[in-house]
Structures are given as structure tokens and as C-alpha cells.
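Questions regarding the structure given below will be posed in turn.
The chains carry the letters A, B, C, D, E and F, assigned in the order they are written, with residues numbered from 1 in each.
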Amino acid sequence: MLTAHDLACVRGDRTLFSGIEFSLAPGEWLHVQGENGAGKTSLLRILASLSPPAAGEIRWHGRSIRELGADYRAQLIFLGHHGAVKEEFSPLENLLFAAHLDEVPLCRQEAQAALAAFGLRGREDLPVRFLSAGQKRRALLARLAVRRACLWILDEPFTALDVKAVAMLSALIERHLAQGGIVVLTSHQSMPLPKGKALSL
Amino acid sequence: MLTAHDLACVRGDRTLFSGIEFSLAPGEWLHVQGENGAGKTSLLRILASLSPPAAGEIRWHGRSIRELGADYRAQLIFLGHHGAVKEEFSPLENLLFAAHLDEVPLCRQEAQAALAAFGLRGREDLPVRFLSAGQKRRALLARLAVRRACLWILDEPFTALDVKAVAMLSALIERHLAQGGIVVLTSHQSMPLPKGKALSL
Amino acid sequence: MNALLSVIRRDLLLALRRKGDALTVLFFFVIVTSLFPLGIGPEANLLRKIAPGILWVAALLATMLGLGRLFAPDHADGTLEQMALSPSPFGLLVMGKIIAHWLTTGMPLVALAPFLGLLFDLPADALFLLTLTLLIGTPLLSLIGAIGAALTLGLRGGGVLLSLLVLPLYVPALIFGAGAVEAQIVGLDASGHLSLLAALLALAVFFAPWAATVALRIALE
Amino acid sequence: MNALLSVIRRDLLLALRRKGDALTVLFFFVIVTSLFPLGIGPEANLLRKIAPGILWVAALLATMLGLGRLFAPDHADGTLEQMALSPSPFGLLVMGKIIAHWLTTGMPLVALAPFLGLLFDLPADALFLLTLTLLIGTPLLSLIGAIGAALTLGLRGGGVLLSLLVLPLYVPALIFGAGAVEAQIVGLDASGHLSLLAALLALAVFFAPWAATVALRIALE
Amino acid sequence: MQWESPAAFFAMGGYALYVWGSFGMAAVAMIVEPLLVGRRRRDILRRLRRERLAEELDEKP
Amino acid sequence: MSNRLINWFKYASPQSFYPLAGRMIPWFWGLAAIAFAVGLYIGFFVAPTDFQQGEGYRIIFIHVPASWMSMFIYCVMAFWAGLGLALNTRLSSMMAQALAPTGALMAFLSLWTGAFWGKPMWGTWWVWDARLTSELILFFLYLGFIALTSAIDEPRRADKAGAILALVGVFNVPIIYFSVQWWNTLHQGASVSLTRAPSMAMTMLLGMLVMAFAFWMYSIAVALMRVRAIILEREAHTDWVKQLPEVQGAR
């Protein structure tokens, strides 16, 4: 249960948004919409507790995320514009390290299977630097399939993906929702997803 | 008139594509399609004479682009995944410098108008570093409106753009085509453009 | 604890993957040291006198150059963000990165120093002491440097700003480190210098990772 | 020609925008110079003897640190690609970047050197000669450095690899530059050193921009 | 009073360069600094006034 | 958080401090002017000629106050910065940033006047003495603080990063001072040690203290002026700034 109360964000001397309210129960997802520069990325970073809001509060199951700290962070996964994949490492190594960081036990076979599911079979051992734009995104997204986190915060997850990969990712998100997960995402494209809440900035 | 004969591209020990043939007359555009990693970006870089093909030849009005060299480069504009905008400079400064580089006379008013047309009014003087993902792309694309080049090579020009910006860019491309320009682009999304040639990798 | 080890392992692997990257810090150390005889002239006595100072300054500059790579790549590709969001304590991960930095930068310097000392014709006991001071001193340099690297993260021209911030803080390490060797060469007792150096290290082990972590969280906002 | 001036103007503006970035290269120069007495000890006679060498090495290191910023930012954000595709000759644009680099890095060093010489208690005529050698030497450093910066562009750990490539090429400049001042301090004629330094500069002006341009084209492939 | 003449005062017993060099630099620095701060304040005030005028113009149609 | 603390926060808000500072500034300028006049009079016309250093010693009347202030201001700056980091009060971070340039100026004056003193007394502009070296490093620490805070555009981030640097520095200043002193005494090379007049004449001491007071008042006055400018810059978008008479007033 994620709730936001009266959130505001200020950048420079511009107020990007204020008075944002929403609440998401398990199985619900939120589509953050808005023009370029409306403040979607900024909102997502605030929800991920990476930067503090200028005003307002975010609650997770009724408790403020500032108090929860690490307990909250352990339950979320945030994938942003950046890759968070090392260009020198292969997708496999990247995934294994991410699992370590997340304190998830993951063996090579499982990791390889996850990558194959994301269409990277045969590229598991090629340094990410050589991958195409879309393949890089896939290597990143493979983490979604591995880590057990309840709250997914995804910033434009569909960029650079081809049609097949978009379908795959949508299916993954649907399954996560069906299992009682919560998803917050931004996207300029229309998505093949069950109806969710929408928030316009 | 851009023609490609029997182009091939090899990366590592993988042949991405070979035997690519196409020709584009003024007013025509080519949609390069393919899955993630099919070699679209690689093809575009070859067309922009940034990297040499493994085999085959590209001709511009009948003459090989290797011979033409600077004469060919003067007539094309290539916008890739990277920004080519300086994060320290404001969009205005970036555009003015790009115009200098292109040896196009451009005064502040014109530049400001071009940026305003791309929805950056009020952000002309903010360093690009502070802009949102979509605004960065817009600052980059503003160059299309300023530079007179016959051949446009655009790698996923629609990423990160919101609906309004997509429509604007499409209109710009259409106008360019109507004036006898040639466009080569890649995109995973469907585009509101008049029918063009398609090339599947 | 597991996460700490995994960060260290990853960073070591990364250093290995970026072929010869750690090696080039070493070469930098060697080249700076050997530039001085070229700039100053070949008088053996003079060179012997200034050898400890030069080796220490070279080690310091080499460490400093490596600092740019401590957090910046992880910041640029978003890994640092993910570390901050990880369930493992962020401070521990930062500590892991600092340790890995020392293992790939400081330790090779320590191993190489005695050989470079030979070039300046230092006596055996001075060589030993030089190595010992560097062994205590280079972790100190890495720890202090981590604060500077974290503070300048993501800033334009960070590399040079970093040196501006960090070099003044390196002064005590330099003075005690080079001072110990020089004291011994002129026949004085070096243990005072050494224990002060060790005390500084103990202080830094406690405070530097904490300060670096706070600075990193700020940089990520 | 127009394009050359526009590149220079842009890079100067950029240096201005990155507040105090050129300034921090200067501070680095100052700090490195003042680290040596700290490592070596405060004996005035000894320090006076090694001063030209130290100042030259410090200038060399400061220039080298600034090299990382010569092409890398333009490469990372794609500007270099656009320059290569520009109708103006690429070599001219590269030359513009090198000139701007010297104006923001080398020239301030030259202006500051006499004051730092004072810290080492150098006599007035030695100060003058030191400044003169740096005035000839720093453009040389920028030119040679540009080749190295172009060659290492986009390589991982490029910063340190760069120093590895460039430092050996800097050695002749260092020897003639510092040598001239030392010769004069001990009462010998310095003009031989000076003319050799000038000859090197003339050579570099012709070849370095060309080599850097070729290297850049390769890096862009 | 220990100075025989103004000239003796300015000569400072042969230390004129050093004494007046020090006091001069101190005086210059301590006059220039407040002036710079004052300019900073004037700049920001000018900006604020301009913004206020712009806002007023915006409000009036 | 207790009520008292919140109350305190209210008084420490830029909004209520801005007019208060405005009222205090003239007083400090006045005190500084009086103290400068008295101090300079004592320094030049009352204090006798030094039997060793002749008239050259009169540099002491600015050198020592500048040196003291440079060290004192650093501590105060670190205090405010640390307070800003711990309690997240905007005003104290602004105070820290307002103090830094003045502190750097004092360090610079100490170096400059020291060099101008050293040349006639020691025959050289500079020696690598403990005091001198640590003052130089203090100057660098100031410059580092200023460079870092001005390199960060987001004010909140600049405050926090600056605070960490200032705190690390304030721990290091004594370490640096003692390390340099020890380094120097061990070598005892050709360097000249500071020659102090064995018993300073009462009038000299008095003049020095009055000048130190003048420097102190000056620093406070300038820092307050600067903090007011910083407040205006940072709070430009708030209503209370827009309502200020100097903003509303004559065009």
C-alpha cells in the first residue's frame, strides 16, 4: 500500500508539481503522464526515496518512508533512464552482481535462463558495450525477473525496445500485478496493460 | 539520390547484415526496421560515413561517398543516440554553436524562434544538464529546423518525446520530404508519416 | 558482509577487465618518479636526499589520479543509485569500494616502491622504511581521497576540483611518511612519525567511509 | 578560419561557464609545487637547486591533467562526431580546440610561474628565464598532449593511459626547459637549450594537429 | 609624537615598500570586498525588481 | 521535535533574520571604523620604534589580526556549516557561505603581509616554516570550500557538500599545524625561525588588540552584508522577498 500526500517538487525556482495525492493498493498500477519536462522522472526519484520532496510525505503501509529507510528500499526496485549496467561486464555478470547487491541468491543457470527469456541468448558473455541500444535495456530489465520486490518504479521502461520485447515486458508487469505487486511507471507510448490509475502532471 | 549496393556489416564474428540494396530519390524516405540488435544503428553510421562498411558501396548522386568526402558530409545531418548537446550550455548556445559548425548564418532571434517551436520557450537559457530527457532531445532536434541539409539520417528520433513533440517532428519531416529532401530513420514505434520505403534487417 | 565482499570482488574483476588500468597507475608512478632526475639533473647525493619526498609525492599524485575512477563510472551508469537503494547498508558498500580501490591502486604502489628507491640509491633500511610508510600511508590516501571523490561527484571539471580539495588534506600523511624516511636517513628515530601516521589511519578508517557515504547520498539527490 | 575562431570562442566560453575550471588547473599547479617542499624538507639551498625541475614537472603534470578535458567531453556528447561531419576542415577545428586549451591551461601557468619561483627564493634572472621557457614549452605540451588525448579517446581508463603515452614525449621539453634555467643558475649559457626548445615547438605546430586529427578520425570509427 | 616630518613618516625608516605594501594591500582588499558585496546585492535586487515588473505586466492584460 | 526547537527554527529563518541583520550592520561598521582609527593611531603614532626591526615591525598591526581572523573564521564557518547539516537550517548554511570569502581574504592578507615582512627581516619572501606553511594550506582549504560550493548549482546540495568539507577540514587544521611544526623542528635546516621580540611593549600589544577588534568587527559587518545578499538570491521566489520595500520600492 503506497500513498502520497500533498507531494511537491521544486527545481531551481520552478515548482514542477504540488499537491500530488494518490494511493495504490496491491495489484494496482499508476501511469504517470505528462509532457516532456513535466516532472515525471523527478516524481519517480522522490518515490524511490532518492531525493527528498520539497513538501509532503510518502507512506508505505501507513508509515513514512523516511522512517522506514532501508526497510522500504529493500522492497522496491527502481529502473531509470540510466542503464546501471557496466559496459565492461557481460549481461550475465551484470545480473549476477545485481543479485548480490539485492541479496538474492541466484545461480548461473537461473541467471542465464532469465537473460534468455529476455532475448539475450548467445549474448550472455558479450560485454554490454557491444550490445545495441535495445539489448542494453533488455539486460537491465532482466533484473525485474530475478529480484523479488513488491514495488516496481520504472522510468520509461519501453524505450528502445522492439515490439516483441514490449509485449514480453508487459506480460511480466501483468504477472507482477496479479501476484499483488504495485507498479509505478511513465511512458509516452500507449501500453498493452490492464487499466490502471493515471496521474497527469 | 542515395543508393546502397550490396552493403554488409560485420561486428565481432557476427555478420549483422549483407547484400543490402536500396535507392532513395528526392522526396523519399526509408524506414529501417528490425529487432533489437539487428544492426540498424550500425547501418545508419555507415550511411553517415562514420564507419566503413565491411563490403559494398554507397553512392550519392552516382558518386561513391568515399570519394566525395567532405562534399557528402556537408549535405547530411546525422542525429544518433547521443545528445551532441553540451550539458553546460543552454539550448540556445548549443544551437548557435551547431550553426557555426554547420557554417549556417543564424541570429539569436531565429535560434530562439526555432527553440520556441520545439517547446523550449522559457528554457532557452537553462543549462541542458537540468533539462528532462525529452527536453534534451528537443534541444538536439531543433538543429533540424535550422540547418539546410538534404539528407537526414535519424536514429530513433522519437524516443523520449511526448505526443505533441512526435507530431511536430513528423510534420517537420514531411515538410523536408515535400521540399525534395531524403530521410533515413529507425523507429520501433509506428509513425504518422506518409508511406515510405521500408527496409527490414 | 556478503555484500561487502561482492562489491570488492566485482571491482577487482572490473579492474582486471579494464585491461591494464591498475597497471597504468603504476606506470604513472614510475614515470613521475623518473621525470625528476631528468628535471633536476643527475647528482647522486642530491637525488638521494630528495628521494623519499619524491617517491611519496609521486605515490600521492598517482593515488589521486586513480580517485577519479573511484565513484564516477558507477555514478554515470546508475550503479551507485542502485547501491543506495540496495537493502545492504550503503556505508558497507562504499567501504568495499574503497578497499577495492586500495587493492588496485595503493598496494601495487607499495610493492613497486622499493625498486624505485633503488634507482635513487637509497640504503636497504631506508628502502624498508619507505615501503612500510607507504603501506600505512596509501590506505590513508585512499580513505581521504574517497571523501573528495564523493564530494565532487557529477560536478563538471570534477577531476581538478578533486585535487584542489584533497591535496591539502594529504599534507599530514606526506609529512609523516616522507619525514620518517628522511629522519632515519639522517640517523634520527622514525618511530614517532610512524605511530602518528598509524594514528591518522585509525582515525580515517572510522570517519572517512561515513563522510564519503553522506557525501554520496547528497550527490545522488 | 571563421570556424576556427568560433571553436576557440566556444571553448573559452565553456571554460568560463565551468566556473573556475581553468582556475583549478592553476591551483593544482600551485599545490603540487608546494607539496614538494613538504615532502623534501624546508632547506632553502636544496630547494633553490631543485626549483626549476619541480616547477617544470608541476607544469607538465598540470597540463596533462587538463588534457582529459580536451576532447573527451566533446566525444561523449557527440559534438566531435558533428565536427567530423562538418563542412569546415576537421583539422582546423582541432587546431582551434588545441589553441583554446593552451589559452585556458598553459597561459595561466606561465603567468603564475614567477610567483611560485619566489617561494623557492629563485633570483630574478632565473625567474625570467623560467617564465620564458614555460612560454615556449607549454604550447608544446598542449600540442603533444592533443595527440595523446586523441589516441586514448573513448578508451576505458583513458586518463591514465593518456599519461603513459604522453609523458615520454614530454621528456625532451622537460629536459631542455628545466635545463636552460639550471644552466643559467650555475652560470652557463642557456641559449642552446632555448633554441632547441623552440625548434621542437616549430616541429610540433606542423605535425601535432595533423596527427591528432587522424587519431580522432580513427577514434570516431 | 615620533615622526620628525611627513616625509619621515612615509619613508618608514627605509621600510616604506614593505610597510605600505602591506597596509596598502590590506586597505585595498578591505575596501574592495564590501564594494563587491554591495554590487552583488544590487544585482540581485535589480533582477527581483525586473521580475516583479514582468509579473505585473503579465497580470494586466 | 520539541516545541522549543521549532520556535528556535522560526527565529533562525531567513525571513526574520534578514531585517535583523540589516539593522545590525551599521553598528558593526561603526565599531570597526572607530577601532581602525584608534588602532592605526596607536600603531603609527604611539607605539615606539622597535630597537631590532626599526619601523618595519609595524606590519604586525595588520599581520597578526589577519592571521588570527583567518583561523577563527574557519572555525566559525565550520560551526555554522555543521549546524546546517545536522539541523537542516537554511540560515546557518548561508552564514557559512557568507563567511568563506572573508576568511579566504584574511588568509590571503596574512600571507601577503607576512611575505612583505619576511623580505626585510629574513631576506626572502618565503620560507617553509611551520606557521607559514599551515597558513598556506588553510588558504587552500578556503579556496576548496569556495570552489566546491560554487561548482554545485543546487543550493541545498551545495550546502551539505560544503558542510562535509568544512567539517573534515576543521579536524585537519590542527593536525596539519602540528604535523608541519614537527616536520620543521626535525629538520632545523637553513630556515630562519620566527624571531619574536622577547617582551612586547605594552603599547604594541594594545595596538594589536585594538586592530584585532577592528578586523573582527569588519568581518562580521561584511559577512552580514553578504548573507543578506545570499538570502535574497536563494529566497528570490518567496512572497516575503517580493514584499520587501527594496523590491517593491522605486523602480
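The rule we apply is simple: a contact is a pair of C-beta atoms (placed from the backbone, for glycine too) under 8 Å apart; a residue touches a chain by one contact, two chains touch by 3 or more.
Just so it is clear, the model here is predicted, and its values are computed rather than measured.
**Q** Count how many hops through touching chains it takes, at the least, to reach subunit F starting from subunit D.
**A** Minimum number of steps from subunit D to subunit F: 1.
**Q** Which pair, B-D or E-F, has more C-beta contacts?
**A** E-F
**Q** Could you give the separation in Å between the centres of subunit A and subunit F, each centre being the mean of its C-alpha atoms?
**A** From the centre of subunit A to the centre of subunit F is 48 Å.
**Q** Can you give the whole-Å distance between the Cα centres of subunit C and subunit E?
**A** Taking the mean C-alpha position of each chain, the two centres sit 43 Å apart.
**Q** Just the number, please: Cα centre separation of subunit B and subunit E in whole Å.
**A** Distance between chain centres, rounded to whole Å: 54 Å.
**Q** Rounded to a whole Å, what is the gap between the Cα centroids of subunit C and subunit F?
**A** Distance between chain centres: 32 Å.
**Q** For subunit F, jot down the residues that touch at least 2 other chains.
**A** 140, 143, 147, 151, 180, 183, 187, 236
**Q** Could you list the positions in subunit B whose residues touch two or more of the other chains?
**A** Expected reply: 87-88, 127, 130.
**Q** Considering subunit C alone, which of its residues make contact with at least two other chains?
**A** In subunit C, residues 18, 156-157, 161, 164, 167-168, 171, 175, 182, 221 touch at least two other chains, as defined above.
**Q** Which stretch or stretches of subunit B touch subunit D in the complex?
**A** Where subunit B meets subunit D, its residues are 48-52, 70, 73-74, 76-78, 80, 82-89, 93, 97-98, 100-103, 127.
**Q** Give every residue of subunit C touching subunit F within the complex, in rising order.
**A** Answer in residue numbers: 147, 151-152, 155-158, 161, 164-165, 167-169, 171-172, 175-176, 179, 182-183, 188, 192, 196, 200, 207, 211, 214-215, 218-219, 221.
**Q** Please give the residue numbers of subunit C that touch subunit A in the complex, ascending.
**A** 2-3, 6-7, 10, 13-14, 17-18, 73, 76-79, 81-89, 93, 220-221
**Q** For subunit E, which residues are in contact with subunit F within the complex?
**A** Against subunit F, subunit E makes touches at 1-3, 9, 12-15, 17-19, 21-23, 25-26, 29-30, 33-34, 37-38, 40-41, 44-45, 47-49, 51-53.
**Q** Quick one: in the complex, what on subunit C touches subunit D?
**A** Touching subunit D from subunit C are residues 18, 20-21, 24-25, 27-28, 31-32, 35-36, 38-41, 46, 49-50, 52-54, 56-57, 60-61, 65-66, 68-69, 156-157, 159-161, 163-164, 167-168, 170-171, 174-175, 178, 182.
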